[in-house]
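Some notes on the structure that comes next.
Naming follows writing order (A, B, C and D), and every chain is counted from residue 1.
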Amino acid sequence: MKVIADVMVLPLGVGLSLSKYVAECEKVFAEAGLKTQLHANGTNVEGDWDVFFAAVKRCHERLHAMGVPRLSTSIKVGTRIDREQSLEDKVRSVEARL
Amino acid sequence: MKVIADVMVLPLGVGLSLSKYVAECEKVFAEAGLKTQLHANGTNVEGDWDVFFAAVKRCHERLHAMGVPRLSTSIKVGTRIDREQSLEDKVRSVEARL
Amino acid sequence: MKVIADVMVLPLGVGLSLSKYVAECEKVFAEAGLKTQLHANGTNVEGDWDVFFAAVKRCHERLHAMGVPRLSTSIKVGTRIDREQSLEDKVRSVEARL
Amino acid sequence: MKVIADVMVLPLGVGLSLSKYVAECEKVFAEAGLKTQLHANGTNVEGDWDVFFAAVKRCHERLHAMGVPRLSTSIKVGTRIDREQSLEDKVRSVEARL
């Protein structure tokens, strides 16, 4: 099952500079072979359900191993069986209406 | 790895009455042995990472099998290594401050 | 315009114990006369659009005044013009299907 | 108070093709003078708290006027008093770590 997802990982208890943790998760997603698009409030991901969620788990494991005591992650995950759709398709379909 | 999570499943393309689909996911979570608390904007869940995410996947699979063409699901998932915490603990710690 | 909403306020840069900040926002919502239901991953709110969002703003202002340097808040907000619905209606309509 | 936000508007009860509604909200944000970045799972916005939330309300009002019976919107909103930050800053600070 294919997913179009959006993930935002929030490390708690490590101060205000979170970018190194977000970058670590980006690396995990890339290692998993997922297509990603970093944006200002998260990362859009396109790929297989199991590969995606295994990567999110590995991201949590790795950040905890880096000393992050608590993580609060927000995920939006979309699946559809009516037709194929990519990250680019979603943006293009809106831009075509502007 | 234990999670405290919140899931809201939004079926698209099936009109405005979504409760039967939400109920189906509740059944999936119960069958998986997860602790759940239904609320007005989702379901809080406490349990093992893998069990939880396998249940979310099964929920998507089952709703698609029921004819839902598209699903948009929001998940908040928290993990922590500093201490144990339950769904009830989280509510009680706030109520103690009111 | 009436809303059914869910709010989760995450204070960053103040350590791991967040309940006193969440409680402060609960007080703000109560002062605003909003109907609320605290749950393990946020607070469900029923009320007028303007009253609700003014309260969320006041919550941010008050937490910053308490010394919270950074806040990341998640809001789900639903509006509908087909019929009236309360927080309790939403839960009951799912429970009736279980 | 300045916000960095992410908004995803989900119209319910109007079938599966949602892009025209998303585009309408993009127009509302642009008319409000907000800085926006459309992405595959929402729109990032930078601007003043009141201007932003007034635009989200106008988006709901306009979509309901277009016949959308029900809307479910997800908003992430961040505020900080420790320093200034733009949408671009947030992406750059992560990319610098990759």
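To be clear about the criterion, a residue touches a chain if its C-beta (ideal position, glycine included) is under 8 Å from a C-beta of that chain, and two chains touch if they have at least 3 such contacts.
Quick caveat: nothing in here was measured; it's all calculated off a predicted structure.
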**Prompt:** From the centre of subunit A, which chain's CA centre is farthest?
**Reply:** C
**Asked** So which has more C-beta pairs touching, B-D or B-C?
**Response** B-C
**Message:** Centroid from C-alpha atoms only, then distance subunit B to subunit C, rounded to Å. What do you get?
**Reply:** 18
**Prompt:** Per the centroid of Cα atoms for each chain, what is the distance between subunit B and subunit D, given in Å?
**Reply:** 25
**Request:** Return the residues of subunit C touching two or more other chains; collapse runs of consecutive numbers into ranges.
**Result:** 13, 16, 69-70, 72, 74, 76, 78, 80, 82
**Request:** Provide the residue numbers of subunit C that touch subunit A in the complex, in ascending order.
**Result:** 10, 12-13, 15-16, 18, 69-70, 72, 74
**Request:** Over in the complex, which subunit A residues touch subunit B? Could you list them?
**Result:** 1, 13, 49-50, 53, 56-57, 60-61, 64, 69-82
**Complete:** Seen from subunit D, its contact residues with subunit A in the complex are 4-6, 8, 16, 19-20, 22-24, 26-27, 37-42, 44, 74, 76, 78, 80, 82, 87-88, 90-91, 93-98
